[in-house]
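What follows is a set of notes on a single structure, which appears directly below.
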Amino acid sequence: MEAKAHAHKEFGPLQYVIVWGALLVLTAITVAVWKTHWSLGTRVTVALSVATVKAGLVALFFMHLWEHGGVNRLVMATSLLFVALLIGLVIADNATRFEYANPPYSSSWTRAPFEDAAPPLQEQPPPVEGVPEAAPH
Amino acid sequence: MNELNELMRNLLWLPKQASDYARSVDHLHFFVFGSAMIGAWTVVATTLVFIVRYRRRHALQSTEHVEPKPVHEAVFIGVPLALFLAFFAIGYPQYVELQTPPKGASDVYVMAKKWMWKFAYPGGPNSTDVLRVPVGRPVRLLLTSRDVIHSFFVPALRLKQDALPGRYTQTWFQASEPGRYPIFCAEYCGLGHSAMLGELVVMPAAEFDAWLDEQRRSNQVAAQDGQPVAAEEVDIRGNLVEQGRRIAAMQGCFKCHTVDGTQHIGPTWLDLYNRKVKLEDGRTIVADEAYITRSMMEPNAEVVAGYKPVMPTFQGKLSAPEAAAIVEFIKTLRTDAPTAEPQKGPIYVPISGK
Amino acid sequence: MHTEAAGSPHLAHHFPSLEQQEHAARMGMWLFLSTEVLLFTVLFTAYAVYRYLFPVGFEAASRLAHVAVGATNTVVLITSSLTVALAIYYARRGDSRKTVALLAVTIAFGAVFMVLKAYEYHHHFVDGQLPGKFYHYAGLKGPGVSMYFTLYFLMTGLHGLHVLIGMGVLAWVAARAARGEFGRAYSTPVELGGLYWHLVDLIWIFLFPLLYLL
Amino acid sequence: MSPSAASEAVYNSPNYLNAEAGIRSWLTTRDHKRIAVMYLGLVVAAFALGGFFALLIRVELLTPGPTIMDAMTYNRMFTLHGVIMIFLFMIPAIPGVFGNFFLPLMLGAQDVAFPRINLFTVYLYLIGAAIAVWGMIQGGTDTGWTFYTPYSTTTVTTVAPVLLGAFILGMSSILTGVNFIVTIHTLRAPGLTWMRLPLFVWAIYATSIIQVLATPVLGMTLLLVAVEKAFGFGIFDPARGGDPILFQHLFWFYSHPAVYIMVLPAMAVVSEVVQAFARKNIFGYKAVAFSSLGIAFVGFFVWGHHLFTSGQSTFASGIFGVLSMFVGIFTAIKVFNWTATLYKGAIHVAAPFVYFLGFLYFLMFGGLTGIALSTVSLDVHWQDTYFVVAHFHFIMVGATIMAFLAGLHYWWPKMFGRMYSERWALAAAVLVILGFNATFIPQFLLGNMGMPRRYYSYPEQFWPLNVASTAGASLLAFGFLIVLIYLVTSLVNGKVAGPNPWGSRGYEWNTPSPPNVLNFPETPVITRGAHEYQDPPAEATHAH
């Protein structure tokens, strides 16, 4: 890549503008994908991958991790590791617990919970109603 | 083997083992305790030997530079790790067993609220603070809470499970020894946390079946929580004062209010009726029927001075006749009338405008 | 991995040379930024959990977000990141005039961001699309919907607070730059202020798809 | 590097205590040593306050029913005790006092990287402490230091000031951590490679990493609780689809590593003490150094072992359970290496060494009960009982306070230039260790019996052991009182210590006692590791 050739030099305005352009293009891509009718999984994957690439561009070039690197890269990598850890392990718990230990009427309550003797829960939830078809504005 | 079990159990002050599960957990406990003790005291003894053997002979004594060989560190890591993983390898399957109720276990619904336990069996029978189960049959508990997190804890079963508000958790057990065992709340839940006691009664299976049948047949058992007893039922049973006492007990009033004059979380009921009470906001009020009833429905509106506004509302949990019955019961609690002879017939005043 | 840092010639000097001081300051800033990342992680975790538990409610609720405004704001923040990066570039070359001008533009972009954000908030307030118990929008009801707005307001609110702080920091840096305090030898505050601003941008880069597009 | 090599000038220049006079000079100081002394005063005051509440709690538990206070007061009391001891004493104590004082000295630096921020942390500490204590006096929080939702969001007592106070104290802790990490990276003296760093520095480094990465999570979580309580946003509210277990995950993501924030500095101190009093280099330097980082790292993966009975999934409990076993290994490595350090040493049994032995004992038994607790099925019985209370008091009070006292006695002559009374010190050390055992061993047994924690009253069968525990606590309090008295009097009439009364070869002893303002007359050049006690000393031979 072009940036690699300048790895040991400081970036100039031209490089910054190129990164900026790339970020705008990526933003456009996310919005465009959102407008498609692809499956939710695909859209989530694309949106998060694009966000990660954008964040990487900002961190490496605007925030100079590319040139300075060293211990600061380690700091950032460590904190991101712990971010992944916290989110990952908490979700792992929610995804595998006793289904009715999750909040009532969340996705893990797959059927009507129990027989007559179950004490009633505090709030009877309605199903999600009035889902808008597309963005209202 | 059994003697060794009893010896270790008493040595460690553990309560009786009321299930096979409790026994196997204890055996792991003994293994962990024993190996930990051997390991730890070996280190302590080594330290003491070194202190004596290598005591300082003169002030500026020099020492040689000792570096460990890799094998030392490997042993330091390997031995405890093997032991710890062995603990886990035994303990985790036990935990999995506890989390996986067997098919065919009978269900009991456990509802915790400040500060009492309610147990409900399929088909309607329920009880407060006393959980009856048959010996030798698996029982699954489905726990929930009305307010904050509580934790259902039976030391004799080595079993504990939090009860979360608005959702269910589950656990199960199969008691092997008939008897009566205490139930504690193990998750801090406020003023009455330590008074939130219950009792597990393990009965012979036949006795339990008979009890459950009788409960199902009988109208004596009130309907579930949240479905107040109909007014006629109160009337039919006639003895309003006795009824009030029973309702008060079922609703858990005595967790906070005494009837013998002792100060507790809430004001005592003894001599409460027509007493002049000072409120938090400085007003003085006479505790008549209206005030007592208001205190059940909107407990934190007029709090007696010196008490915390911690009482939950009973709006929707007590019907008007039930509330009236409790008032009637309170009226009888007088020091100048030690023999509070239950009055006959319904003499409550219906509360209007509720 | 730490020996690598020890071997670098940078650390061989003991007395805090200007270079070493800059290195220390930059490292301190990065550590501080990592605490900011973990601060937001709490909200990201909550988002992940509730998004997982209430997929239908969240998807429906996110359609109430104003994507056009959000996308515009993304462009605004990305552009402000460019201007602040250029400001640092010129500060290092001792060009105070350009530095101040670029920082002023950055702050202006920040202000635009906040105004657009306020516009969105206003609409959500008017429609009753509010967090938790305040939610009273009749058009959409169901499990997880009010939780989406709880998280929406908490996440964008905390982010907005950071934008305001960032604007304050950059204004202070710009004032110092205007006094000609920075030059080839010393421009650390511009760089640190810029790092903070980039982080604010970086977090928005994730907030935008999570809150508007999923 | 040796005192004799230092220039004459440094001995004639004023030390840090006398350099400037007046309250103002203290309140605006940026000298890391003065900041450390201020921290010492503050944390000792906090400890006294927290200890006083602990005594009241023990007195209340002397009888099964109500003894001296009502249930509400009791609940506030244990909350106060927990919050003060953890946020105001345990977390800042060793980093704030010994970290601040000795980290730059051990690195051969003149100060920490950001001296102004260092002073700022003291003020943050004061502000946070003031808000929290004011809140506890005004409203009296009754949630316990764990602030579990939904209890904390529905209680009638005031919770917000305590949450805010803890948040501000967290900021203080974060900034201290950032400061130390940067200092260790950028201000090491020439020749002081990573593998020559004193072990104290390694452990403080590991502590700082946890402070920086974990504390923000707590701060945000507590703010969410405050927002929830004030506005009802419903993020943890079960009635609005919120998940109370999520709060527990977030809370323990900080609060389990926080345990290592409390114990790693203790390990830092005793690593120095054991080498100085055995006159021997550590056995297995790399193992001890890297196990600190190992604890810091793996310590982040194990928080879920606080949730085995909470409704957490069986799968997640398995992951957290097995990882908890690994975190125990790092502590085991340290214990074995400290013990092996005594081998072929020249051991002098002085007060700091007695505290080291106490530390080793409490850490070992506290640690092993910790391993037992993370053995998943055993935890189900012990969770939220007095067994847990006894376990973490063994680690926190046992290990950490022993190490704090070991460090205080070891470095007292360096910090203040005076010796304390060795005879009183030995007597107090024995008293403290005995009193501590008498307090908490009965609590292990109470936990086995099944007595839940945070109990205001209890059934009769728990009575005898509670009496024993209260008796032990009074012994313990008496021991602490003696320590306080002889240390304070030593400031006035203690023997003048001289630069190195212990003959220690730690880098920090190459300064006069007390050190002068700029620490070293000229930048020291490090040519050997700390605590090398061979003859001839390594520095005498480094010339060729």
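By letter and in written order, the chains are A, B, C and D; residue numbering begins at 1 in each of them.
Keep this in mind: a contact is a pair of C-beta atoms (placed from the backbone, for glycine too) under 8 Å apart; a residue touches a chain by one contact, two chains touch by 3 or more.
As the structure is a prediction and not an experimental result, all values here were calculated from the model.
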Listing by label each chain that touches chain B and chain C gives A, D
Counting C-beta pairs in contact for B-D and for C-D, the higher total belongs to B-D
In whole angstrom, what separates the CA-based centres of chain A and chain D? 37
So, what's the distance in Å between the C-alpha centres of chain C and chain A? 16
Can you tell me which residues of chain C touch two or more of the remaining chains? 5, 27, 31, 34, 38, 41, 45, 49, 53-54, 143-144
Chain A: positions in contact with at least two other chains: 71, 78-79, 82, 86, 90, 94-95, 98, 101-106, 122-123
Among chain D residues, those touching two or more other chains are 185, 213, 217, 238-239, 241-243, 245-246, 249-250, 311, 314
Under the stated touch criterion, can you name all the chain pairs that qualify? A-B, A-C, A-D, B-D, C-D
Of all residues in chain B, those that touch chain D in their complex: 12-15, 25, 28-29, 32-33, 36, 39-40, 43-44, 46-47, 50-51, 54-57, 59-68, 72-73, 76-77, 80-81, 84-85, 87-88, 90-92, 94-96, 98-100, 147-149, 151, 153, 155-156, 158-162, 164-167, 169, 182, 184-195, 197, 265, 300, 308-310
What part of chain A is in contact with chain C in the complex they form? 10-13, 16-17, 19-20, 23-24, 27, 30-31, 34, 40, 43-44, 47-48, 50-51, 54-55, 58-59, 61-64, 68, 70-72, 74-76, 78-80, 82-83, 86-87, 90-91, 94-95, 102-108, 125-137
Enumerate the contact residues on chain C facing chain A in the complex. 1, 4-5, 8, 26-27, 30-31, 33-34, 37-38, 41, 44-45, 48-49, 52-57, 59-60, 63-69, 71, 74-75, 78-79, 81-82, 84-86, 89, 92, 123, 138-145, 191, 194-195, 198-199, 201-202, 205-206, 208-210, 212-214
Any idea which chain A residues touch chain B in the complex? 98, 100-104, 113-123
Show me the residue ranges of chain D that touch chain C in the complex, using the header's touch definition. 108-109, 113-114, 174, 177-179, 181-182, 185-190, 193-195, 212-217, 219-221, 224, 227, 231-235, 237, 240-243, 246, 249-250, 523
